[in-house]
Amino acid sequence: MKKIETTLESVVSDLTAFYDYKVWEFLTLNGVAIDEGTTEIQWIFSRYGAIDDVVIYYAPVKNSETVPSVVDLIPSAIISQREIVDMFGITVENSEKGLYLDEDSLSAPLATCRI
Amino acid sequence: MWYSVKKAFTNLLSPPQTIDYPATPIKRVERYRGLIEYGEEHCIYCLKCEKACPPGAILFTHTDTPTENPKNKKSLAYDYNPHLCIYCGECVRACPKPNEALWQSEKKPGIGVKEDRVNERWFEVEGRKGS
Amino acid sequence: MSLIALLLTLPLAGAAIILLVRAVRVRDLLAFLTVVILVALSIAQYTGGMTVRFALPHSLHTIFMAADILLLLFFLWRGMHEESRPVALLALLQLLLYLYVSGTDPQAHPFDIEVGYISRIMLLVINIVGGIIILYALEYIESEEMERMKKNGFIALLFFFLSVMNLIVTTDNLEIFFLAFELTTLLSYLLIRYRGDELARANAIRALWMNQIGGVAILAAMIISVKSYHTLSFDALLTFGSSWGVAAIAVLIIAAFVKGASLPFEKWLLGAMVAPTPVSAILHSATMVKIAPYIILKLAPAFTPFLSHTVTLFGSFVFMTASVMALGRDYFKEILGLSTVALLGLMMAMAAIDATESVQIVLVLIVFHAISKALLFLQAGILEKSFHFKYLSDFEYLYERSPMSVWMIVIGFASLTLPPFGAFWGKFFSLELLISMISQSPLYILVLVFITLGSVFLTLLYFKVLTRVLSHSTGKTEKVAIPALFRYSSYALFGLLTVGILLMSGWNGVGVFELLLPALLIFVIPLLLRWQLRSSERVGEYRCGEKDEAEIGAYYFALPEAQVRRAHYAAAALIALVLLGGML
Amino acid sequence: MNTVWIILAPLIGGLLYGVERIVRARMQGRKGPPLLQPFYDMFKLLDKRPLLVNPAHVLLGIMHFITLWIAVGLIITGTNLLFVIFVHLLASIFLVASGFSVRSVYSHIGANRELLTMVAYEPLLILIAAGFYLKNGYFSIELIHEGEPLLGSLWMLFGALLLVIPIKLKKSPFDAAEAHQEIVGGVEVEYSGVYFEFLYMAKWLEYIFVYLLVILFAGNSVMMAIVLVSSVFLLVNLVDNATARVRIPHLIAITLGIGLTLSILNLIGVGYGL
Amino acid sequence: MGRKIIDIPLGSQHISLLEPIKFRFACENEKIVDVSSDVGFVHRGIEKACTTKFAYDAVPYVVARICGLCAITHSLAYTTAAESLLEGVVTRRAKYLRMLLVELDRIHSHMLCLSHTAENAGFEAMFMRIMGDRESVMDIQERITGNRVQFDYVSIGGVNRDITTDIEKEIRKTLAFIREKTHGYLEEFTTNWSLSLKFKGVGVLTLDEAYRYNAIGPLARAAGLATDVRSETDYLPYNEIGYEMRVGEGGDIYSRNIVRLFEILNSITMCENILGGLPEGEIQTKMKGKPTGEALVRLEAPRGELMYYIRGEGKAMLSRVRIKTPTFASIPAFIEVFKGSEYADAPAILASFDPCMSCTAK
Amino acid sequence: MDFSRYRKRSPWILHYNAGSCNGCDIEILAALSPRYDLERFGVLNSGNPKQSDIFLVTGPVTYRSRERLVELYNQMPEPKVVIALGSCTCTGGVFRGMYNVEDGIDRYIPVDVYIPGCAASPELIIDGVVQALDILEKKTKERENAKRLYSEPTTENGITDRSNSAQKIGTGGFSPEEMKPNSPERRENEED
């Protein structure tokens, strides 16, 4: 498991440089609430055919920030982006709310900071 | 297709696989994970089972008519909801006196009907616990 | 004789007066009176029951000739004016041929007018159904935006049309027949371009040149007839039976195909949709296209087996193909139009069969097709005027808004296919006849297959429409008022259908039992239940537990372009075969 | 006598259906429901609270049932075969119309599929009637029953009928019109309680209708009728239990392709004594 | 003129679905031109509950209830992750028993999927046949674990029960029985003409699409994409027990079925090898400490790759449990496959994906 | 005529998954399979609320399935029985108290039979169905309303229309206190 730090500004270009769709499998987008008002967003990849070769790009995200979408690069990220929106209450470009949660559900259940 | 035709035809002539339950009972396997049973006299009221139970199907609540077990110092009463239990057996693994105070039997749980107030009753128990 | 004279002239007079009247009320009243008298006349003529024959005064012939030449000159002018080469060329060709024919001197024909059984039925259809459509048109045209004069002119043209049609089904003289034929061409041309826009003009021109092919065909038949037998009498032509006679007949068949908008020629009829809807109604039901089966019916006794077979094959082929072609369409009137083309194919196929039953069958088909199609086109007009629905995809919440229209459409379609309606019996006995003919020629197996397939495709077609109109949810009605004349004309046609069913009983052993008992069981018992159902508890549709209403469209089974083209070629080939058969 | 049979027809159909359910279960290695299960279902349905979507829908469903019954009745009384086929067509049309009369997607798809299957089987039925006519010179069912068995000379048409049966009885591989897993029963989907009863019983009548057609081929031989019916019954069920459902275009292609070829060959054969 | 499109709903309640998922197919006649979906019906909030309601050692029983079909894979993936944050080593016997259950689970899950695909293709008899045979696998699972579906077999430190020689004999018998049956299915799935009409060339996911949409599990392997976590991980000694990867071609329903059938055969072989080489030893080891740090574990569930990411801060409650489930990752690929096929095939296509909404929405 | 005794011989089933782990759903399939063959009792898996007598629900009711649950319940004609299948359906089971579940379907619709077990084995399912059949036989044809999310059926000119009886839940529906499992008002609300 290799963790590479990146930032919201550079993540798209980093991933574009990194991601070869025939070599890397995009696993998922993950969020971890690290402290109040900040969530660590992770883009997780694994290499086809290699033993446990996992690469995680991660970036801390403030609640007010907008996470760029990587769907153009990785079409299957669309659903995990929507999940992150629901679960952490942060905004991701081109991803709507409501994948799981209804109007009266607990909002942003996994965020530490809920306004 | 012929394989299936043949199969259908032979099935038609041979007896069905069906077990005619409930007329014929179904043999339960050994160590089937059935109802959780409680032996009050051996319980030491350590409440480990209550803590270990993932869904909270075992609750010890306060009662005005406590049992005579000397270990029951806080006048608690054991309560168990088979309709909430997930039959995982964690409580028994947590219990210091398995097979005496608490064990998992091979009995299957009973079916509840409206009059049993399965869910309502448990809300009341939980309410008692909470207060 | 006087009855017929009246039938021929009264509509003309009506047309003339209506042109002069300005007040709408008075115009409507006059039109109504004319229609009532026409209906009465045609019924009287029918119940009169005898064959009437007489000749027209010679002076009239001169007038006819002048009219013919004027007409052709008019076509020529239109062709040059609209820069349509086919129109101009065909008009020129006809002019030359006509001049050639009129130069010859046929023997005096004993009768110009001959009204037999077939003609009497045709008169009934033309005047009753046509009359009702005219009444409907009175309301319809008022909602168009045009000058008073033009509106009245429209009604007048329709009356004129009735008159011409009455002439065409009563005449026994090829020359008069030609004139009437050309007059229908002219009238359809005028009516199609009535709205005057770009599309209307183009379609009118197309109708014009296609129909002129029929004119050429008739002229050719006249020439053959005059040259070989020195006569222009239909009757005479039929009795000769020699090879030239057959050739003349084959050529006339082409004229029928053209008027019937059979397969390679179907475009003109579909183009006629741009005209105000009563025009389509009248073209499809009472007039124009009905000339086709009528001609074939008239000529059939003189068919050689080969002609009879090829025409039957052609008709059944058109029946099937046109039905399939209609399946892909979305425009309501176009669907109706193609189904007319298909059914005309069936009628022609049956008319060409050499069997005594076939006449009866074709007449029944003609009558009921006329009524049903009129009913359907009236509904198409109502939908256009009251709801602005033209395409199937527009039809939304129709049942909720106007259940009457829906039921009328349902009945219109049902009467084209289902027992106990007349058209069903027509088809039923057609099949019986065909099956009994199989032993004569294996060709009839093919015809049988074509016709059964065609019938199911038509059923499919009708349901494709019904999908859009029948469905409705529970509750919530927001009814829309339909103008009275629209409603009454629809009811009148519905009434005709019912009367028709009653008159059918007894035909060919269709007994009271077959007709009435099932009808009773099928319709009356549920109707009794209806009141109980009205008050039952309602529940919503099953939507997989969801609440959002799903969109329900129509089905399309469009044929690929290439297939359609191939079908056209096949039809053309069959026509060529007919001609060839005539020549040999 | 005929009247008694007509009245009993749905009940016999129900029994047949009951037998079939057991046979199907047994072919799948299950015990299956009791023999009278269809009748229990029927009484149960009578006992439900009536709920409906709109009256027209229910009315058309009832008309379907009545018409089908009339069709069966007409066969039993021995009238014109061609006419019977058309009455039967009318019944199917009522069913389709009822499917279209509700604003429900599954009902519409089901009705549309029902229509498309009609494209597949209707021509075949008519050609079968044509075959009988060519052989005998009449359509009268009564006379057909009095005549010799015609299976020998019309066996290809019988083959065509075999293609029609699974369509009419909604059996694999030709059950696309009802396809529970796709469209939840299609036309039936909006019916409930007593009103569903009519459609449920109509299915029984469909059994009777189809098997009466099968019996036609046996002419006056009772023995042959019994053998035909039971072997067709077995065959249809075996195939039902050994195939998946094919799509409508395949259904039409298969039935029309094979069926028309068979029937046309047979008609030529019979018509020209080949 | 704009033609009216038919919106065919499938779900959330529908007979061909075991679980709520909602599709709306925009269709021309029955041809699907567009698809929209809603997958959030089963969202219960398990990720949150695992960090707030349950202590880390109760979590295996909770995550098992994410999905009843591969409960074992979930609890195993979680325990493996948790164990890597604790001190202590799981015995080899426990590992072998875990693998045994995982492979048995794969067998019954694949059988369910095959039968359901057959059922949705309108082949009821096939459904009944496979379901009938599947009962024998359920029986041995019940004998090993005490429950038919929710095994609750794996716990932190090992497994909860051992197997006896009696049970072992029964397992061998059942495996032989299932192997024979599977050859029968294989024959039927390859030769039945009606199944070929329904399955061959239907619901195709091309190899490139499989890469693009990160398809996993049998879905990917049927398209020719050789990916299987069993060959990409060393948490479990798959290399010792005869694991073989099976890659199909065509990416249609047919090849998915064939891949699954071969995987059943391979799993049977593996189970037999496990029983043959079962090491002696304890089945439970005590694990010490509280989970600290982060761990990411991947396992091959019947439907493809399952990923657990956990993070603990030395308390009884973890601070993050992230579960990436197979179906969740495949939803975009599903949508792509539906476009252009017939609605009549939709239920069978859907069943051939073997989707699991309960894990998708958690 | 009294047909009520036939009810228990022909129970048709509607199955709805209101957020279960699908363990119990698989067991329903197993119960239909040859080994247990529910069809022996006349059971048909109709999948259509309008033609069902037994509403077999699994799952603890997630927020998004609430409205569907009530809608399906309403579309079933009386007499009908509801079976809560599995521990999580009866009381929420292991999901009890999670933020997006409602702790058992009897918060929304009246439940007649509770089948415990996680997962409930086919044997228990058969027991439950048999139990339900006895209850079904005694039921009347009176309309039983769902408990929540329910707007009364509209009645106009004597025609009752239940086509739109389940309401979409809005944020205004209940206050957060009300949503807590053991709040007293919440239970009161359901009593009436």
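When the chains are written out, they are named A, B, C, D, E and F in that same order, and each has its own residue count from 1.
Note that a contact is a pair of C-beta atoms (placed from the backbone, for glycine too) under 8 Å apart; a residue touches a chain by one contact, two chains touch by 3 or more.
On a predicted model such as this, the values are computed, not experimentally measured, just so you know.
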Shortest chain-hopping distance from subunit B out to subunit E: 1
Chains touching both subunit A and subunit E, listed by label: F
Maximum centroid distance from subunit A, chain identifier (CA atoms): C
Reference subunit F; chain at largest CA-centroid distance: C
Centre distance in Å when subunit A and subunit C are each reduced to the mean of their C-alpha atoms: 69
Distance between the centres, which are taken as Cα means, of subunit E and subunit C, whole angstrom: 65
Subunit D and subunit F, separation of their C-alpha mean positions in angstrom: 36
Where subunit A touches two or more other chains, by residue: 100-101, 106, 109
Residue list for subunit E, restricted to those that touch at least two other chains: 6-9, 12-15, 40, 43, 45, 48, 61-62, 65, 125-126, 128-129, 132, 147, 150, 192-194, 361
Subunit B, residues touching no fewer than two other chains: 1, 3-4, 7-8, 16-18, 20, 54, 86-88
Arrangement of touching chains [line / ring / star / complete / other]: other
Pairs of chains in contact (touch as defined earlier), listed by label: A-E, A-F, B-D, B-E, B-F, C-D, C-E, C-F, D-E, D-F, E-F
Residue ranges of subunit C in contact with subunit E within the complex: 330-331, 391-393, 468, 543-546, 550-557
Subunit F partner contacts - residues on subunit E that touch it in the complex: 12-15, 17-20, 40-46, 48-49, 53, 61-62, 64-69, 71, 112, 116, 128-129, 131-132, 134-135, 138, 147-150, 356-358, 361
Touch list for subunit A against partner subunit F, complex: 100-106, 109
For the subunit F and subunit C complex, residues of the former touching the latter: 16, 48-50, 67-69, 71-72, 74-75, 77, 153, 156-164, 166, 168
Subunit F - residues contacting subunit A, complex: 63-64, 99-100, 169-171, 173-174, 179
